[in-house]
Amino acid sequence: MKRRDFLGGVGAVGTASVLSAPSLLTTAGRAMAQGNDIPVGLLFSLTGAVAVVESTLHNAALMAIEEINAAGGVHGRKLRPIIEDPASDPATYADRARRLMIRDKCVSVFGSYTSSSRQAVLPVTEQRKNLYWYPTLYEGRECSRNVMYGGAVPNQQQDVLVPWLVENFGPRFFMIGNNYVYPKEENNYCKSLLSELGGEVVSEEYVPMGHSDFSSVINRIRSEKPDVIFATVVGDSDVAFARQYHAAELDPEKMPVFSLTRSEVEVKAIGGEAAAGHFSSAPYFMGHKSPENEKFVEAYKSRYGGDQVTHFVSEAAYFQVYQFKAALEKLDPANITPEAIRDAAVGLKLKAPQGEILIDENLHTHLWPKIGQWQSNGQAEVLIQSEERVAPKPYAAYEGQTCTGEGLVKA
Amino acid sequence: MQQLQVTDLHVEFGGLRAVDGLTFNVEEGEILCLLGPNGAGKSTTLDLICGKTQPTGGSIRLNGTEISQMLEFHRARLGIGRKFQVPSVYKDLTVAENLSVAISKRPGIWSALSRFALSDVREAGAILERVDLSSKSNELAGNLSHGETQWLEIAMLIAQDSKVILMDEPTAGMTIQETERTAEIFRSLSASHTLIVVEHDMSFVRTVADRIIVMNRGAMLAEGSIEEIESNEDVKTAYLGH
Amino acid sequence: MTSKFHYDLIALVIFAIVIAFGVPALMNYDGFELNTFARYLALAIASMALALSWGTAGLLNLGQAATFGMGSYAMAMHLKLRASDGLPDFMGWNNVSELPLIWVPFESLAFTLLAGLLIPAFIGGLTAVFMFRARIAGVFVAIITLAFLVAFQLLVINQQGMTGGQNGLTGLAQLSLPGWTVDPYSTGFYYLVAGCLTVALAIGVYLTHSKFGLILRAIREDADRTRFFGYNVATYQTAIFCLSAALAGWAGMLYTMVLEFASPTYMGVSFSLAIVIWCAVGGRESVIAAALGAIIVNMLEGRLSDVFVEGWHLMLGVIFVLVVMFMPRGIYGVITETAKRLHHPKRRHRKTDLQSSSTKQLETGQES
Amino acid sequence: MDVISNQLFAGLSMASILLMIALGLAIIYGAMGVINLAHGEFVMLGAYTTWALQTYAGIGILLALPIVFIVVAAVGWIIEKVVVQNLYHRPLDTILATWGIGIILQQAVRLGIGAESRFVKGPELLSGNTQIGPLIMSNYRIFLIFFSVAVLYGTWLLMTRTEFGMKLRAIIQNRGISECYGIEAKRIYSLTFAYGAGLAGIAGALITPLFSTIPTMGTGLVVDAFLVVIVGGLGSLIGAASAAVLIGEATALFSIVINDTLGRIAVLAGIIVLIRFRPRGLFPTETRR
């Protein structure tokens, strides 16, 4: 994909190296002011290890932008997506975020799957008072006034799930996750729930990121015989885990895996047969029945191919663009700043594919938790749906700390 | 005075006794030549003295200090210098730089850190004159001819100024005139240095040697002046057939 | 004093003038552009540090990122303590209730600056003593340092309560020197980094032209021969490893300040290999060329990724392969060869075979 | 006891995968001194070829193996001809060039096929477990162990019992003299490189049912494979095999005694110490000076 005129930049070096030296040295060569458009940054990795997931987020967000533009834009102004590829590397995220927020003057940037990349972007976002729209479920415990959190925090993933698990499957939990902050934090929260419910943790295992041989873990599961396998393994590690679990012929009927991270993307790579019978907890599944979702799934498939899937993060990447649009519509077109957008977004309600969602004053999102069981066709059957929208409590596991509209408040 | 005392030296390589009970002494200022058929253990003896190879038994004393268990750079600092059979100069360094490396009276890091690469070379200008390389001091050593490379290595040994210099076939590949010049240099060196030379060229040996040791199968076969060796029956047998 | 030394001095002065006056002027003293360029300059220090050990002494250190990371974490620890009152937030999340002992001295700026140089030097020195006493050389140095790097990164990630794990150290304060709070978008900060690079290069140029550098080049070519001149090869190799590690740590400290966070990816294999690539593109024989290589590759990367969002990675790969194939001595090689041809148009120049010695060591494994 | 025996099997299974990846590397490194950092990408290409064959032609993994071998070997052959051949006199530079080639292959696959993770179905024939007392072994993993031993034996035969192997060994010992006797070193090198690449492709095909098939899957594998080769000793097949078993079992046992992360650190530390004290590997070959 060729985004800008190459000749305007590097190409000129060969012919007139002296003259074009400034444009090579500085990156300011590209013209920003393209009429009346609203510049929006898209910062999803298209290359590297997390490109597997982030490319789908990129697709979903880009689709939303183009849908909005096709429908006439916002106040007659088009959204102009500026795409960067941070290559799954935190330092590159920081660098590209600077470009988008400082040089390209985007009023908002959509991006990131991993926590580490979000945290790499935070310094520049907060310093430049920009707005970063982060669609992914995460560990909570963050209360930036410059980040819009579209994914679930631990209480939204577990408050419905854990009591249901203890009641229906038993109290003995085996925890397996990758070795970083998200799994540890989810497990911390789960342990606090379990202590109220009288459950116990028989083992807590962490494997390095990208770990791909789970024979030791499986041997341990086999000897512990837990009631519930509580999994927070991400990405290709999860694919390897699920496949090896299946190859070891552990029966989901007896020892099902409950994952907080496994979505349609991973299941597609795992294969329906190996994934079937296990569970995930998320606010959205592709198979969820709602008119908004049918429209979303159909648009996505017709755009990117019939074999493509939507999932709980790409849904958020999609609806966040619409939240952004709705906030813009409330504003005076002459006065669009990231902070004005943020203030306009608080309290905003929107019919998303998962149901009607609401942006809390702590900038997290009220969501509809669901529990789905994977079928051999690669789709989840939604077994349980929360009866009410669940409010985000990013500091739920920390007594005396609340994330509010004024930022973090410590009691 | 006995400068180097080698006593009952042994080394084995996988069962092969390359040096087997060798004992000899070298006096200060002497030129000792080691002779012997191929595989007699001459080069290995030099290797053992300079530390390239560790002996399996025996002792080597330099001015009374036992050096046989020391690492090679310690021995070099105590005054053992070595010239190898295959000329080993630094091909990617210039002639002057090669000499500067060889000037190693102060081999420590701090001294090396506090001087420029060629600070020492000025002192060595005379040495380059002597081997006729002063016009090539900025040439890469790799660009020298074979003879010049030999000269450079000899110059480096002079610059190193070791008390005991071990030479492995110093005249290999040299013309007659060059060999004569080398002999001359060796003679002048022996005023202040002790030399142990492995050499096949008998005319050269005849010119320089104060004393000769003939080795065979890792042990000493004969010892003495050139006349004594030439008339020795054992030596003839060893060279002419078993 | 050789003419080569004069050329290097001239190059250094030109380089310093360009980065001190030329670059900021071309960028109109724009904060964002200067910040971006300061990042390249910090990486240039890491690259020139590698040139010292790889180009001069022939020791390919694939663990350069580890020492870079140590410097970067040292600075980040200081800035994190400045940003938090009492315990840094992530420690609370990891159920660490008291500030770990090794964090305590990082309250002090002076200690931090020293630690950022000395800890990498010390660790680099330890690995060096460990390897070079056993006369490990050639590709084995590369493999051992690589394995060390992987293990070290895993350890840092694993010690989440102390290091922030996968996320690294984020939410840092800005460095406050007496009378100056360092804003990474300010011109002052740019000059700080540019000044550091110039000093580092001056040190590097001196080292390569000192007798120390000469002995290292001799060791690169024939370590055994050098021993017979009385030089303790292992000590020399250890010294250059320490120096190179300290410089890398220095670069790491600056890098943390530019990006305002420290991440375990700074200690990753791909980052370490990237440093090797910069060094190779610029030319490992000269510290200035290596620094230039880092700047050029990073600028090119920034530029390509700006124009070809999808294909920039692929193009970088192609460029690396072409450079290795057709410019074996990097930009430095092209410049010196051209200069030689201009001086002696007719004389055929012997092909300098930088690898001749490493080839031998590669085959034998040890410099037996 | 049950845990230990199962863990020993797990170690052996890891070793078999490591061995198959490392074998191609060992041959390329041992024969030509080329440090092939693109080896992981050959594994990745093998996995993707298997995926393509299964998805578009309906060919299962086992039947696909020969095709995968040929396809990846052909890619390897081309790369050798175009790039590697020019670098034999600069072995350290091959690290950089093959790293670049790795990036190119990875990006080419991403651009051509997409970044998403691909699914490959394991062979039906080998599904299920075999249970001996407390020891539960996945049939597919048992198959991998036997298959890797077979590949090892096949390679050994190729190196010692064929004309090709004889020529290759001659070149390893002395390229100049071998060429005087009419052995075309260039051709033999190309074929060797292709063979090593083909083996990597087979390894890639066989790990698809266990691992996730993505463009970056090779990056992590190459470091481990390289450690196996170095620990085993330059160009020694039996060395590579024992190193794989050693590293696989050590990883399995450490991970049960400590945990996976610290276990891996311990294994790496062990490898560093091993290389330091036996830099020529467990089974140094005397052929190459």
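General remarks:
All chains are identified by letter, namely A, B, C and D, in their written order; residue positions are counted from 1 within each chain.
Quick note on the criterion: contacts are C-beta pairs under 8 Å (C-beta built on N, C-alpha and C of every residue); 3 or more make two chains touch, one makes a residue touch a chain.
The structure presented is a predicted model; accordingly, all values stated were derived computationally and were not measured.
Any chain that touches chain A and also touches chain C is listed here: D. Ranked by how far their CA centres sit from the centre of chain C, the chains are topped by B. Of all chains shown, C has the CA centroid lying nearest to the centroid of every protein CA atom. Centres computed as Cα averages put chain B at a distance of 42 Å from chain C.
Distance between chain centres (mean CA atoms), chain C to chain D: 32 Å.
Look at where the CA atoms of chain B average out and do the same for chain D: the two points lie 48 Å apart.
Each chain gets one centre point, the mean of its Cα atoms, and the points for chain A and chain D are 35 Å apart.
Touching of two or more other chains is recorded for residues 46-47, 179, 208 of chain A.
Touching two or more other chains at once are residues 154, 157-158, 270, 310-311, 313, 353 of chain C. Chain contacts here follow an irregular pattern that is not a line, a ring, a star or a complete set.
Chain pairs that touch one another: A-C, A-D, B-C, C-D. Across the interface of their complex, chain C is touched by residues 33, 35, 37, 83, 86-87, 89-93, 95-97, 99-104, 107-108, 111, 219, 223, 226-227, 230, 234, 261-262, 264-265, 268-269, 271-272, 275-277, 279-280, 284, 288-289 of chain D.
Of all the residues in chain A, the ones that touch chain D in their complex are 46-49, 51-52, 55-56, 179, 205-208, 210-213, 215-217, 219-220, 222-223, 235-237, 239-240, 243-244, 247-249, 265-266, 268-271, 273. Of all residues in chain C, only 23, 26-28, 30-33, 35-37, 39, 90, 92-94, 154, 157-158, 160, 165-168, 170-172, 259-261, 263, 265-266, 270, 299-300, 302-313 touch chain A in the complex they form. Those residues of chain A lying in contact with chain C across their complex are 1-4, 6, 9-10, 21-22, 24-28, 30, 46-47, 83-85, 87, 89-91, 94-96, 98-99, 102-103, 114-116, 119-120, 122-124, 141, 179-181, 184-185, 208-209, 398. Chain C meets chain D in the complex at residues 60, 130-131, 134, 136, 138-140, 142-144, 146-148, 150-151, 154-155, 157-158, 269-270, 273, 276-277, 280, 310-311, 313-314, 316-321, 324-325, 328, 353, 355, 358-359, 362-366.
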